[in-house]
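Chain lettering (A, B, C and D) follows the sequence in which the chains are written, and residue indices restart at 1 in each chain.
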Amino acid sequence: MDNGLRLGVFLCDCGGTLSKATDFLAIKANLEKLPDVTYVSISHDLCLERAREAMQKDIKDKGISQVVVAACSPELHENDFMNIIQAAGVNRYLLSMANIREQCFWAHPDKGKAAKKAMAQIVMAINRARFLEPVEQTKISVNRDVLVIGGGMAGIEAAIELSNLNLKTTLIEKEAILGGKLNQFVNLYPVRVTPGELLAAKLKQVDERQNIDVLTSAELIDVSGEVGNFSARIKGGNGEFVRNFGAIIFATGYNTQFSSQIYGFELSNNIITQSQLEEMLKSSSEVKETPKSVCFVVDISDEHSRVSTLSALRNALGVKEKFGGEVCVLCKNLKVDGAGLERLYRDCRNKGVLFIKFDIPPKILKQDGEIRIEVEDVLMSGEQVSLSCDLLVVEETSIPPLDSKVLSSTLNIGLDARGFYQENNVHLYPVASNREGIFFAGNCHADLDLMRALTEASNAALSAYQLLAQEKITVETEKVMVDPDKCRFCLTCIRACPHHAIQEVRVNHEKMVAQIVDLACQGCGICAAVCPAKAIKSKDWSDEQILAELELLGEYV
Amino acid sequence: MATAFKETLNSGKFVVTGEIGPPKGTNLEKTILHIDLLKDKVDALNVTDNQSSVMRFPSLGTALLIKERGGEPILQMTCRDRNRMALEADLLFAYTRGIRNVLCLTGDSITVGDHKEAKAVFDLDSAQLLHMVRILESGKDLGENELDGAVKFCAGAIVTPEANPIEPQLIKFEKKVQAGAEFFQTQAIYDLDNFKKFMEYVRGLDKNIKILAGIVLLASARMAKYMNESVPGVFVPQALIDEMATAEKGKGVQKGIEIASRLIKQLKEEAICDGVHVMAIGREEVVPDILAASGL
Amino acid sequence: MKAKEAFLPDIIAFCCAQSAYQAADTAGSMRIPYPENIRVIRVPCAGRVDVLHILRAFEKGADGVLVLGCHEEACRHLSGNIRAKNRVQKLNTLLQEVGIDGERVEIFTLAPNQGFRFARIANEINERIKELGPSPVK
Amino acid sequence: MIVAERKPLEDIKEMIAGYKKILIVGCGTCVTICWAGGEKEVAVLSSQLRLASKKNGNELEILEDTIERQCEKELVEALKDKVQQVEAVLSMGCGAGVQTIAEIFPDTPVYPALNTKFVGMPEGEGIWVETCRACGDCFLDKTGGICPIVRCAKGLLNGPCGGTNSGKCEVDPEKDCAWTLIYRRLEQQGRLDTMRKYYPPRNFQAVIRPGKVETLQA
């Protein structure tokens, strides 16, 4: 029976290395016996140009309808093979790969067993190939303007970087002035510029750029549309207005909060927070009574926090410089894992700041206007140390800005357990959100020191650029699609989609159904798995394709 | 022969009622013992109706027993186990046997008891049950049919002064007043300051409403703590829990009697309410001690 | 004992392309051996794996099934790994109802660079399934 | 919508014991939406039954179908060809669906695979709660749109019982006390007078069971 399938199988022995493990000719001979397999070829280097040309020619000459490549991991060259077959006139999604290198010959030293497994993997890929479906692509024009939310250091840096890349940027800040936390910090150690100097230099750059539009005292109300064509409603000094953008960068920063619950006492005139200390250090007039001894405690309410560790170190040095006197830092683990931070710690020590490392949080007692601290010093083998100070500076916990909860729900971007924005993938793509075209920079999603925040801001700008560099972006159409006849409009998929990529539409002016927004869809297939009516098909990972790979069980093992 | 409860209520006397829990089974020995112990020391005896949704000897049967032994019974009726027809029929019967007092309750949920799979009826609620009593008294039934011989009851209800939130509870309380409740027994109270506030509200609403404060005997600090934390609408001040904790081992009940009688004394001396309803929950034998210690 | 040695289980590992599939690649690249009877099926996200896929795997004769996704809070599709976890939990019940030991299905999380972890998981499940013996519906 | 739940497999296996060929019918309306009896659940049950019969060495062939609404005779009639091929039908519809299939195909035993639970709404992902008792005499105008008949454990009409525990129900501390909710809603709307009114006992004749509604078409 002719089912129209003409499968072409392209084997690659990776420069001959895999042939040492098995007889490729035997595999070829076995494969040729399988139904629908029209053509089998062996190549030594499918990743090289000349082999690709040969492959294209074979596909055309033999009239191949679906392509099976048995070679290295699809994680390496899948996209290249898609391009090759597309150039040969076969839809790029009609490709099925068998990973016979990393997941077979490289992993299994027993040649006989590896050969058997390779055969099984190829047959699985062939079975899958029978159910492949074409997916078309289209190009969509995009708006190349970018919205940056938050005029702190990360936001400013992102705007400058975008401007360098020739993308028009709107920078909105909810306060009346730009600068964020830079307006609060006393020094920026280990960076040898003052916060004022750094901010002035950056603001000068922003001012000079024609393509940066700064809106202060402005807030984002909501966003509609998708990547390439977002519509943002902004509330500014002159009321509400709508502006269109191709991408959005969140640089909304963080807030801090003292937790009296964790510490077990309230703030008072001799127990203050880092930010209160910073105000004190900044005030030009001399303080009434110079504290003779100052203690800092960190790692109690916010262990492993870079932000609070760094403010303790910076301010310890600040106190030493301004007041002299004794300065002591009580900590559990100092996180000095960034450029120059180890130096900052050494500077502290050299200037005479004393460090005491604890495992059990110290006992803090107030006695006649003095503060007594009792702590087991881990480095002195747990010896009980008792010290007193005039001023105790406690750490503050980083908390998300007030509006992140609202923005996350109106924009449908995820939050982590602590309420900060959650990145797409903390390792692979830390500046991307779960929604295509929305990025993060700075401490609104991670605990970063200044240098890291600046690097991130550039990365976010580059990611936006990557997306908007061309005036059009390529989008797969209906890669994942809802069958409107089967859809019961139960809202399960709309609620489950992590990318806010499913919307409700009316078909034929009548029935409401779910519909995938191709621009926003990231192809995870969660919707297909949750649909109780089996109305959603993920064309590149369809049930049929996945089940076809199961066909072989029991054989070739 | 006991005085009719209605008469006692209206006499201006500080009223005292007790409570009898019917047995699980047909052995009435202990019940009779309790009745005999209490019948002359209190103005009336409540009989619980499948209390806590645990199936027992019927409320009506026990009320008749009290009657037989010369006591004044208050028949508790819940809406959980009978529909309106059964409730009406039982009241007709009760009346013919000289039972003159009825306490109308909603009833506990069936799921807290020992017949969890049974159907909970709740055809009526407590306010509707009160109404029903008044309709029967008018010579008609709920189907608006004429009765050949009507009834006459002194009908009461319950109220939870410490309910949280209190406002919906008070709305219901007012509905019960309108439905003709002549007296109210309250859920256990331990904090007299709170209770006084409640009484101010009651007096402001209608001076004629008779309120009998619920006094539940504390047997141990653990029970006091449990009541406070787990029984809805009961607040036991920490001071009382601490006081219970000072009791020597085995002397918890003694301490409880002390506290109960102190509360009763104050309620009476300051004329905070119209009487008390004493619940000893399984320790009926000590009720005379409580009353004696209260000077009643 | 001898029969146990001879039994080579069919194990299907649904691997998220963002993490576990790459971890399997890493294992290969580092030449860390693992049982060759573990059959990897690449999926775009652990959240794509349907309860039905796993039930069908048992119908087709699988002795054990692994679902391997991203570490918590590292899922590219936010909730995909959590959904997969819940589904495996549901599946344990569905399989118990049928009389298949729920221990035959397990979910683990990996990062792309965790080749050793992949191999360790593969070995662990292989041993477990060997211990349990062939699937009762084979 | 009508909310249902799959019966335990053990019960279903017992019903269909001895049959060699059955048809599992899903319903595309309420029970699809509450994840109990749509096409997906049909496939899951079918797979489970095949596995179970394989394990026990029984022979079982299963046909599957999911129709728009099992409670419509015309739609059920479309199953005729498939029903004729099998010894029994397993319905994954609500009780109305099971009975419609049983009525259309009186010669074939029809078994329920679901327990029909209540009329309700989704509260969260995979969570449905009962919100309507279908009492036939809607009381919601008096209670700020919160039904005490369903949401109060005792179905009280005139206010809370004494078991309100910090706004929760004494029967199930997880659940809100309906009368606390009603009080708050009516207070918010300035309609507490409605709550102060006395409401007589419910009229259980509002629906004479089995219920029937006859309407002239508008």
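Throughout what follows, a contact is a pair of C-beta atoms (placed from the backbone, for glycine too) under 8 Å apart; a residue touches a chain by one contact, two chains touch by 3 or more.
In this text the structure is predicted, and so the values were computed from the model without any measurement.
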item	value
Chain pair with the most C-beta contacts	A-C
Centroid spacing, where centroids are CA-atom means, of chain B and chain D in whole angstrom	40
Separation of chain B from chain C, taking each centre as the mean of its C-alpha atoms, in whole Å	63
Averaged-CA centre spacing for the pair chain D and chain A, given as whole angstrom	43
Separation of mean Cα positions, chain C and chain A [Å, integer]	26
Multi-chain contact sites of chain C, meaning residues that touch two or more partners	52, 56
Shared-contact residues (touching 2 or more other chains) in chain A	496
Where chain B touches two or more other chains, by residue	none
Every chain pair meeting the contact rule	A-C, A-D, B-D, C-D
Contacting residues of chain A [partner chain C, same complex]	73-75, 99, 101-104, 106-110, 113-114, 116-117, 120-121, 124, 414, 416-417, 422, 424-429, 434, 496, 498-499, 522-526, 528-530, 538, 540-541, 543, 546-547, 549-554, 557
Complex interface listing, chain D residues touching chain A	28-29, 32-33, 35, 38-41, 43, 66, 125
Complex interface listing, chain B residues touching chain D	80, 84, 106-109, 111-112, 120, 122-128, 131-132, 142, 158-160, 163-165, 167-169, 171-172, 174-175, 178-179, 187, 232-233
Complex contact set, residues of chain A against chain D	486, 488, 490, 492, 495-496, 531-535
For the chain D and chain B complex, residues of the former touching the latter	153-167, 170-171, 179-180, 182-183, 187, 192, 195-196, 198-202, 204
